[in-house]
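Just dropping this structure here.
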Amino acid sequence: MNPEILGFVMDQLFEIGALDVTFAPVYMKKNRPGTRIEVLCRPKDRDVLIQEILTQTTALGVRYHPCDRAVLHREPCQMDTVFGKVAAKKIRHPDGTDRMVPEYEALAKIARIRGLALKEVYARACGNPLDRKNDKI
Amino acid sequence: MNPEILGFVMDQLFEIGALDVTFAPVYMKKNRPGTRIEVLCRPKDRDVLIQEILTQTTALGVRYHPCDRAVLHREPCQMDTVFGKVAAKKIRHPDGTDRMVPEYEALAKIARIRGLALKEVYARACGNPLDRKNDKI
Amino acid sequence: MNPEILGFVMDQLFEIGALDVTFAPVYMKKNRPGTRIEVLCRPKDRDVLIQEILTQTTALGVRYHPCDRAVLHREPCQMDTVFGKVAAKKIRHPDGTDRMVPEYEALAKIARIRGLALKEVYARACGNPLDRKNDKI
Amino acid sequence: MNPEILGFVMDQLFEIGALDVTFAPVYMKKNRPGTRIEVLCRPKDRDVLIQEILTQTTALGVRYHPCDRAVLHREPCQMDTVFGKVAAKKIRHPDGTDRMVPEYEALAKIARIRGLALKEVYARACGNPLDRKNDKI
Amino acid sequence: MNPEILGFVMDQLFEIGALDVTFAPVYMKKNRPGTRIEVLCRPKDRDVLIQEILTQTTALGVRYHPCDRAVLHREPCQMDTVFGKVAAKKIRHPDGTDRMVPEYEALAKIARIRGLALKEVYARACGNPLDRKNDKI
Amino acid sequence: MNPEILGFVMDQLFEIGALDVTFAPVYMKKNRPGTRIEVLCRPKDRDVLIQEILTQTTALGVRYHPCDRAVLHREPCQMDTVFGKVAAKKIRHPDGTDRMVPEYEALAKIARIRGLALKEVYARACGNPLDRKNDKI
């Protein structure tokens, strides 16, 4: 499989319902390095995703098995930061506390516009937004 | 595990019924890099394959779980190419069309004998065999 | 290092002059899986790229050494295909022959618009464009 | 995820009941290299381990599925070696024979104290302990 | 190579002067998955480290080449946090600013003693230590 | 790159002078998993090997840099084992001692013919060949 095609396939799989797609490096017979495509999906989307993989790639077969998933409750929200309000997720932790996590795209955009390191943008957005409102940014 | 032994084990597992064997790099406790051996097999061959792994390797346990597989229908065939007839697989795609894929061993042999790049042999074999019958090869 | 940051860093490094950026999985002391960032660049861009890595990531040091590169001569061109003219690269091979390789972005766009598998678009674009001009696509 | 945290999490998971923990390198969307944490546990420990992962890491979800395991019977024992008695495991093989495997910690300690290569300590401990009792070590 | 031995070798190499040791998964001929041991060291320690690798492992050869390194200036310091003073590194960034990074061992110890997630300990230690002095911890 | 082609290329590179060839999994831009081909060779063979890679693969460039190598002196020999004489290498260690290592092919053949685990064949061949001459094998 051409790696260009694999990048394309990942996008396609997300578009038609994959909840998660990961690639893992594997090693096959006859000294062939390969890539395993792993897809997480709802049962109702399974067959369409299998078809897509068999159509888009040179794979001759796809294995699948049911699995459960424990997920933290999350909901979209706005988060106050030194950069102003940014799109975020509010996540409920196992111990009942909430945590707000800013969205990557929102912070990446700030980093690009202001010419800051993304690492720095994360640190400042998550740090202590209320106390730093008077910072010169 | 000695890597030499892993290569040997892969061959053995195919010989006694494995449908597929892959190695995946993993990282274990105490800074130990390891190799996961993953085997796909029919239910009837499972126990023999587990025995083989426990006999051939230093693994103390083998995990297994059932999985289903969606496979494209395929059958052996002969394919006309600019290099003459070569062993191939006829594969039926999800949309009902057929595709012929020449066998690796057949093309690798042609590449070795003629001193061509295997990439080139694939391209020419799959390209448009009928229209190129008059090429000087 | 947050993986979101690594994806961002790759983009940044290409923007400021990296010729190539790859990530490789490595295992470090104390059971820490890590990612090695590998950058190929011209000597004149080296220091700026090192600064960027030290600014954007949590790395405390960057190793570098000179290396040479043998590259095939290539130039942008247009390629006739069953899908019409598409952006491509003309590559001169070691044996003096030329090969045209369509650009990924051009074929990916065709695949998306027509709803075809990218694999199929590649095969048809590279196959035998002149002889298929009358195909119904 | 900070790799330092991953090393810590591995230790924690073993402490609260994991039978095995491995890390596998994966590649996610948007050019993000990641690490899959894979845990083997008894059904009764599953929920506590899932909670730990969701608490300790930035993962928003954990997948799980039942699996069986074929394990070789093993029991702790003492093994006579040229270095004296060392802690070991007696393992019963599929063919009914027993094999003694010295514990890593015991041999590593010997290697450190005597300034020998661990490879050498393994070879001598496993080689033929009875016949070498008169070796000068 | 037995993975147990590789973990041991990593420790040994650090003890005798390695500045950094990483393992990388590679694939060798005859379907053999292997591990590349990569060591960074000062020129004066090179020969001793090579000897150690050739003594401790089954490798028959070691490749080496000179490389330079750009490193951020760093010095040990104490850092005020909501958990009290902890051992840290003061790092000077390319732009001339300083950043304090608490030592992993110090925070891991706090996490273990207080039963907190290490992720949480990092966030609170780095967050905004001065303004949170009155938190109930 | 088709993985079948990579297996073929590895064989070719060894045939025309490569001293070692390894594959390493890497991640490239646009979510493309790739394989790095790493070749060790004598300076005199470098250009031919570069040509081969550029001819056989879709790579548009090859990087190279000089490196030194520390190798243990080794020479072919015959080794007495419980299975009779087998082809082996005599290796001189850094401390001046010699070690005999049986050749993989010789032991793999014994394992196949006798239906023994290769692991067992290694253990018995290296264990204590002289003292076991009277074993019933």
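First chain written, first letter: the chains are A, B, C, D, E and F, and each begins at residue 1.
We take it that contacts are C-beta pairs under 8 Å (C-beta built on N, C-alpha and C of every residue); 3 or more make two chains touch, one makes a residue touch a chain.
Computed from a predicted model, the values in this text were never measured in an experiment.
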Labels of chains that are neighbours to subunit A and to subunit E: B, C, D, F
Chains touching both subunit B and subunit C: A, D, E, F
Taking each chain's C-alpha mean as its centre, the one farthest from subunit C: D
Furthest chain, CA centroid comparison against subunit A: F
Rotation in the CA alignment of subunit E with subunit F, degrees, nearest 5: 120
Between subunit D and subunit C, distance of the C-alpha-averaged centres to the nearest whole Å: 39
Whole-Å separation of chain centres (CA-atom averages), subunit C against subunit E: 31
Rounded Å distance between subunit A and subunit C, as computed from the means of their C-alpha atoms: 22
For subunit A, residues that touch 2 or more chains besides their own: 2, 4, 10, 23-25, 27-31, 33-34, 55, 58, 65, 104
Touch list for subunit C against partner subunit E, complex: 24-30, 34, 36, 50-51, 54-55, 58, 60-65
Subunit B to subunit F touching residues, read off their complex: 2, 4-5, 8-9, 25, 55-58, 104, 108, 111, 117-119, 122
Subunit C partner contacts - residues on subunit D that touch it in the complex: 1-4, 6-7, 10-11, 23, 25, 28, 30-35, 58
Complex contact set, residues of subunit C against subunit F: 10, 14, 20-25, 38, 40, 65-72, 74, 91, 93-95, 101, 104
Subunit F residues within the subunit D interface of the complex: 25, 27, 29-31, 33, 123, 126-128, 131
